[in-house]
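One structure is given below, represented as structure tokens, and several questions about it will come after.
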Amino acid sequence: MSVLKIKDVSKIFPNGTTAVDSFSLDVADGELVCLLGPSGSGKSTLLRMVGGFETPTSGLMTIDGEDITNVPPEKRPTGMVFQSHALWTHMNVFKNLAFGLKLRKVAAPEIKRRVEGVLELVGLGGYGTRAVTQLSGGQQQRVALARSLVLEPKILLLDEPFASLDQHLRERLREEVRDIQQRLKITTLFVTHGQDEALSMADRIVVMRDGKTEQIDRPDVVYREPQTPFVAGFIGTMNLIEGVVSNGVFSKAGYSTPLPVSDGPAILAVRPEALDLTASTTGQGKVHRVTDYGTHGLVDLELKDGTRVKAMVSHPDLFQPGQGVSLAPRAIAAYRDGKVIHRTSAVAPAPHPALVDA
Amino acid sequence: MAATLAYRKLDWTGIVLAAVLTLVIVLPLVVVGTWAFTNVWRYPSVIPQEFGLRFWNQTLARADVWSSISMSLTLSFTVTALSAAICLPAAYAFARLDFPGRNLLFFSFLAGHAFPKFGLLVAIAGIFLQLNLIGTFWGVVLIQLVGTLLFMIWIPVAAFQAVDRRMEEAARDVGASPFRVFWSITLPQAGPTIAAAILLSFVGTFYETEGAWLIGAPQVRTLPVLMISFINNQPVIQYGAVLSVLLWVPSFIALLFARKVVNSGSFARGFGG
Amino acid sequence: MTASDQIGSVTPVRRRPYGLLLVATPVLLVAWLVIWPIISAVIQTVWTTTPQGQGAVSLDTYSFFFSDGYSLSNLSMTLWTTGVCAVLLLVVCLPIALYLRFSNTRVAVYVQGLAIFPMFVPSIILSFAFIRVLGPNGTVDLLLNSVGLPHIRSPYLTPWGPVIGLVWDNIPLTVLILLSGLGSVSNQAVEAARDVGAGTLALLWHIILPRISNSILVAISFAVLGIFSAFTLPYILGPAAPEMMGPFMQRTFRELLEPKTAITQAVVTFGFCIVFGLFYVRSVAKNRAA
């Protein structure tokens, strides 16, 4: 079982763009860490450097204490699952899985045993003789996973493996992958731009932006206590209201709430599910639209200057467009200069899946 | 129902085109084929008086036919093998490596196509004259080799570029060395297209007449060159007809195997379409 | 623009000059057997040695070519043949290509097969078939005779012989190039024009032709380059005098043993085709880069 350490790794491409900027991360034995970020945040480049397909401009990477920074991909104990599955279409399923074992001069009966075992593991027992082009998208991605697993890599790397699949299949496969990963206790680094994937699979999430780390934490912590306004806006739905603090009170366009921080500009962050609304004629906001999701409702409201705020309510029928409302946040955070400066300790209810996906 | 009926309407334009093209393209070849299996066909009979294989025996008994068949095959194999040996590594380099002047060198293979072919052959013959390559086997090899370069590089480059880079990376990932990746992944993936390019270049060389005639004749006598002299000097029509059928065999093979490549849009685009 | 932008969508692995080693042999071959002969041809024909043993620039060989009646009649016959072939090719191939683009019947598959077929018939076999069909006592004569009609005036050994052969030979690539150009005319563009009331002719003139004008020029350039110095078909099917530039150069080189005169003739053909050549190469390069 294995530990991956990444220390101060940077990647500057020949055209001058900095894809990864002094990135450090330790992945513990058997841990699944998700690299989450928008496209261009450097997460794929980082993964490809761990796999050996890009060479870091500077920095150090070790697996179980062994320096792998300049080791070519074929000599690394890593196994990569590619986004486009990258199966070899001129070989059948069995040959795809056996290729790496043959290179390692494993005896034929042993190859057969191991390939069949792994195919069983990914739920494709008996598919060995199929041509990979005959398989469905989900099956192809399972074969790609099996191809990496059969070599028993120390580190498993997954590069947006479900991106080309439809929503339903994606959800099923990520559960399967998580199950397999936990059963084998294999150290895994997973790249995705889908927050639902990260939240549901990861032991820890690394939120990346412009090649740098924004926050590294457990999924629930990243969700409840985002350290920067970027993370707050990127994960789940978050109302980010830019306003001014003066004498311990935050105000924005007629709305104000106590905020015990020093005077100056601040961004107030409130989750829709942590924002209570009460009808009031002299309200701070006005209802713009009400959407009924059946299990709950979502109210879009406008502050006096047009700033939009979302609130989750349990009885959407109590609100009509045009109605005045007052805002009562149960939990807030405030940011200044990209850092968190205040957080109420109140616990928000568990995130609703519909909101997390939005 | 109305829509399907409209589609069922007879395709008159197509039928007229098909009829005219059949007459113009198929008929002449049928005539040649008929002559090859004719023992007696005297004017003015519309069909031959006697069919038979007599002239196959006579044609195949001629020493000049056999020597030019072996000359043509030797030449085509030599040129194709040399061309593959020098062009495929170059194609791989153009597709996968970066080096100074890559673009300019890649497009330099077009140079020969900016000039009328026979004029260029005469200019090359001028050089060969000084090198005493006129009338030699290797002179013909060289001139035909130059003719294969463009397609033996451009088609394989496209084939190599079409191979998914992730497939190659996945092979590196499971432990294959760069050479092993090329051998086990890249080459098999690009294989069918490259095979078509090799076949086309073999057939192109086999039928190359101008260079062989200008540089090689009369010492190096390929099958097409022999055919010219049959047409010019041979009163027995059937010799030419039998030779035509023999000559067509490689083309027929190319027709069977390379048709898909020729019909694909990328082939026409290669000609600038 | 970087290298990868032009040749294809490849991000080169690493910039190491050993790629140069791999491409060296074919590149040197092109330099030695394409570029150098052209330069050398021009130099050879304009550089003479004076009786005093000094080099001098002289256009004597060219002034001979352009004052010699026989050379000029060969040149004009070549120009005539090329022009007639180009026009005929368009007249024949454009309807075929248009038909193939806008129909998907089984007949269309057959027509496409036939139109491509000449590509798989070497021109030497074509020459032989031509003589057997259109030559004296050929199939056409047989058929005419059998219904009691007089003989045709055979095009064999007349200027029309090479024209018919060259058009036949060039049909496949012309159709393919035009068809590839027609691929850029979308069905929606045609349907939209129909929708606003364009008839067949208006459709052809205002919608289709403007979009494939470049493909037409490419097809013509390709045909001109091939036909202008064609050898086999004019040599076998054409008249002995005047002859086209291809056979003329061959005879001057191999039979009259006057390589310098032959090379002058070659440079003249370069001169007449240079516009088409450059246009053709530019189009191919542009296509390949895209």
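Each chain carries a letter (A, B and C) given by its place in the written order, and its residues are counted from 1.
Operating definition for what follows: a contact is a pair of C-beta atoms (placed from the backbone, for glycine too) under 8 Å apart; a residue touches a chain by one contact, two chains touch by 3 or more.
Please read these numbers as outputs of a predicted model, since none were measured by experiment.
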Most distant chain from subunit A, judged by the mean position of its C-alpha atoms: C
Pair joined by more contacting C-beta pairs (A-B or B-C): B-C
Gap in Å, rounded to a whole number, between the CA centres of subunit C and subunit A: 59
Centre-of-Cα separation between subunit B and subunit A, whole angstrom: 55
Chain centre separation (subunit B, subunit C; CA means) in Å: 17
Multi-chain contact sites of subunit C, meaning residues that touch two or more partners: 15
Subunit B, residues touching no fewer than two other chains: none
Complex contact set, residues of subunit A against subunit B: 51-53, 72-76, 78-80, 82-84, 86-90, 99-100, 103-104, 144, 147-148, 151
Subunit B partner contacts - residues on subunit C that touch it in the complex: 3-4, 6-10, 12-20, 22-23, 25-27, 29-31, 33-38, 40-41, 44, 95-96, 99, 103, 105, 107-108, 110-112, 114-133, 137-139, 141-143, 145-146, 168, 173, 176-181, 183, 215, 218-219, 221-222, 225-226, 228-232, 235-236, 245-246, 249-250, 253-254, 259, 262-263, 265-267, 269-270, 273-274, 277-278, 280-281, 283-285, 287-288
Subunit C-touching residues of subunit B, taken from the complex the two chains share: 11, 13-15, 17-18, 21-22, 24-29, 31-32, 35, 43-46, 86-87, 89-90, 92-103, 105-120, 122-127, 129, 142-143, 145-146, 149, 153-154, 157-158, 161, 165, 207, 209-210, 213-214, 217, 224, 227-228, 231-232, 237, 240-241, 244, 247-248, 251-252, 254-255, 259, 262-263, 265, 267-273
Touch list for subunit B against partner subunit A, complex: 164, 166-167, 169-177, 180, 184-185, 188-189, 191
